[in-house]
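First chain written, first letter: the chains are A, B, C, D, E and F, and each begins at residue 1.
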C-alpha cells in the first residue's frame, strides 16, 4: 500500500489538498481513534485475563467484568465516531478519487468495530487497530505530513502510525 | 377506547388543536418511542434466548449478556424520554381535558418502563408497546391524522399504530 | 434510480439478505434519520423566519435564535449517527456489491450534514432529506419491504419514503 | 395546600408508603431538581443583566450570551428529567389517589420548563421553582419527613422546601 | 478539623470570599455530590444483598446485577464531576492557601471514587461519603454558611453535612 | 522546570512508578487533552476572525458564531475532564510527593479552562495549552518515556509535548 500511496502522492500537490480543508476543517487528528482502538485490544486482554473458575464469580468479579465490557463498548464507539467525523467532514470527493480504497477502509472499520463490540476476540480487535492505522496513513498523506510507525508507549504496545514531527 | 376517542374527536375541531401547537411544537412523532418500545421486547427475546447452561458462561457469553441488558436499558429510557417530551411540550391543558385518560397512559408508560428496565419480562414489555401505541393513537387524533395498525417489518413484528398517510 | 433498484432487486432474493442480518442486526429503521433530516429543514425555516430588524435583537430574540441553531445541530448529528449505524452494522459486503451507489449516498449524507450544520441553507437541507430518502429506499429493498412516498404529516411536509405496511 | 396535605397525611400511614418504595426506589431527592430550577432563575437574571447597547455586541458579549442560554437550557432539562424520574419510578398508583393534584403539578412543571427554555421570563422561571417546591412538599409527605421553607444560600436566594432534618 | 476551620475562618472575612465568587460562580452546591456518594454506598449494599447461590443466576438475576453496577459507576462519576467543577471554578488561589488540606481532600475523592468504581467495597464507599462531607464543610465555611450534620432521610441513612438554613 | 524534573527523575526509578500503575490504569495519554486545548485556541481565532460589521449579522453569521462558541465550550470541557481522569486515576500519592507542582498545574488547568469558556481570550487559551503541555511532560516522566516538543501539524500550529517514540 505504501508504494501506491507515494505514487498518488506525487500526483496530488498537498498545498491544494490543504487549501480545500483548512478553513472549514479545523483540527482533525486520527490519534484519538487510534488510542481508542488500542484500548479495545487492552480491554479484550483484561477481560480474557479476568476469567476465574466458577467458585470466584462473586460480586467483585462481576463488577470488574461488567466495567471492562462497558469500557470496550465505549471505546469502540469512539473509534467509529471519530473516523466517521474525519471521513464525513475532512475527506472530500477529490480525496476519494485519489484514494479509492478509503471508503472500503472506513466501512471495514465500522464492521470490525461492530465485531469488537459483539465479541471478545483479540484477533479482530488487532485488525481494528490496523485498519485505523491504514486510515491514519492516508489522512496524513492528504495533509502532506510524513508518518512513521512506533510501538505505543503503553500496553498492549502495538504499533501505531504517528506523524513524523 | 376507539369509540370514546371518536366521540371526543367530534367535539374538538382539529384545526383548533393544530393552531395551538404548530408554531411552538415543531416536529413531534411518537414513532421513535414506538420503535424503542419494540426494541425493548426484542432485547428481552434475545436475553432469554441467550441463556446457556452453566458450562458456557465464559467471557464471550457475558459480553453479549451485558450488551443486551445495556441496550434494553437505553431503549427503555428513550421510550420514557420521548413520551415525556411530547406530553410536556405538545400536549396542552385542553387536550388533557378532552382526553382525560392521557395522563394515566403516560404514567403507565413510565411505570412499565421502569419494570422493563428492572426485569426481563416479555409480557410487561409487550404491555409497554401497547401503552405507547395508545398514546400514539391519541396523539394522531389530536393532529387530525387517521391511523392504522400494521405489523412492524422487523422482529418481534408486533403491531404498531401508524399514521395512515 | 427506481428502475435500477428494481433490476438489482430481481437478482437478489430477499430471503438471503434477511438471513445475513436478522440475528445480529436487531431493529434498524431509517425513519429516525428521516424525521431528523426533516427537522433540520424545519429549523432552517424557523431560523430564517426569526430574523427581525436590529431593534428587536434583545435577550428574548437571542434565546430563540440560539436554541434553534442548537436544535439544528443536534438533529443533523442524529441523521449522521443513525445512518452510520445502519451502514456500518446492517449493510454487509454483498449489499455494497449489489448497490454500488450506497457508499456514495452515505458519504453525501455526511457531507450534506456538515453543510446543514455550517450554514442556514434550505436547499442543502432539502437535499439532505432526499439523500436520506434514497438511503431508506435501498434499505427497505434489502429488507424485501415495498416502499411508498407520502408527505410527512407535519411541517415542512416534505415527502418521505415509508415502508408500505 | 398545607392543610390539605396534613389531612391526607393522617389517612395514609407512612410505614405503608415506605413499604411500597424502599427496596426498588433507592435514593430519590427532589433537591437536585430544586437547585436546577433555581439555576434557571439565576440564568434569566444574568441574561437580562447582560444586555448591553448595540455597540458592545462583540465576540466577548456573544460568548457570554450564548453560554448563559445554553446553561439555562441544560438546567431546565435537568428539572424536567429529575421530576420525571421521581414521578415515574417512586410515585405509585396509591400516591396518585391520595394526592390527586400531583399529576397536574408534574404536567405544570413540564409546561413551565418548556416556557423557561423558550423565553427569558423571570416570572415564569420563579413559577417553575414554586411548582418544584410543591412537588417536593408532597414527596417528603409521602416519605413521612417534615419539611420547612428557607431561603437558598446563594443568589437568587428564593425560598426552597427542605426536609427538616 | 472543625477547630482548625474556625481559626482560619476568623482570619478570612466572608464578605471578601463572596466578592471573589458571586458574579462568576453562579450556584454551586455540594449536596448533589453528597447524594451521589450516598447512592454509591446504597448500590454497594444492594449488590452485596443481590448475591444468590449459583442456581439462581438466571437472566433476571444478571439484569439486576448489571444495572446496579452501572448505577454505581454513574453515581461515582457524578461525585467526581461535581467536585471537580466546584474545585476548579469556585475555589480560588486564596481559598487554597487558607485551606491547605483542600487539594488533598479533592485528590482523595478522586482516588476513592476510582476505588468505588473498581470494587464492591462498602468501607471505601463510606470513606467517599465522608471525604465529600469534609469538602462540603469547607465549601460552606468559605460561603460563610453554618453547617450541621444529620442522617440522610433515606437508606443507607449515613450522616451528611447540610447548611444550617 | 526541566532541571527540577530531571533531578526528581533520578530519585524515582520508573519501574517502580509503572508497577504502581500498569494493571489498574490501562491506557492514559494526555494527547487527547492537548489536542482539545489546541482546539480551544483555534476556536478563539475563528471567533475573532468571524466578527463582521453590524450589517452582516444575519442568520448565517449567528449560526457560525453560535457553533464556534459551542465548540470552544465542548473542547474546554474535554481538556478538564481528561486531565481530571489522569490526575485522579493514574497519579498516586507518591507521584504527588515527587512532583509537588503537579496539583497546582492541575488546578491552574481547571481555572484556565473556566476562563477559556467564559471569555474569547487568545492569551489565556495559549496558557491553557502550555499548562497541559507541562502536565504531559510530568506524565511521561512518570511513565519513563522521553518527550520532545514539536509544532502541531495543524493550525494554530503551537508546540505540543510528544513522547519521543
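Basically, a contact is a pair of C-beta atoms (placed from the backbone, for glycine too) under 8 Å apart; a residue touches a chain by one contact, two chains touch by 3 or more.
Remember, it's a predicted structure, so these values are computed and weren't measured experimentally.
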Fewest hops from subunit B to subunit D - one hop per pair of touching chains: 1
Each chain counted as touching subunit A and subunit F at once: C, E
Shared interface numbering between subunit C and subunit A [over half = same, under half = different]: same
Whole-Å gap separating subunit C and subunit D, where each centre is the average of the chain's CA atoms: 37
Multi-partner residues of subunit E (at least 2 other chains): 54, 57, 66, 70, 118
Chain contact topology (line, ring, star, complete or other): other
Full enumeration of touching chain pairs: A-B, A-C, A-E, A-F, B-C, B-D, B-E, C-D, C-F, D-E, D-F, E-F
Residue ranges of subunit F in contact with subunit D within the complex: 47-48, 50-51, 54, 57, 65-66, 69-70, 72-73, 117-120
Residues on subunit D engaged by subunit B in the complex (per definition of touch): 24, 80-81, 84, 87-89, 91-92, 96, 103, 107, 110-111, 113-114, 118
Touching residues (chain side subunit B, partner subunit C) in the complex: 22, 26-29, 31-32, 35, 38-39, 42-43, 46, 71, 140, 143, 145, 150-155, 162-163, 165
In the complex, subunit F residues that touch subunit C: 54, 57-60, 62-64, 66-67, 70
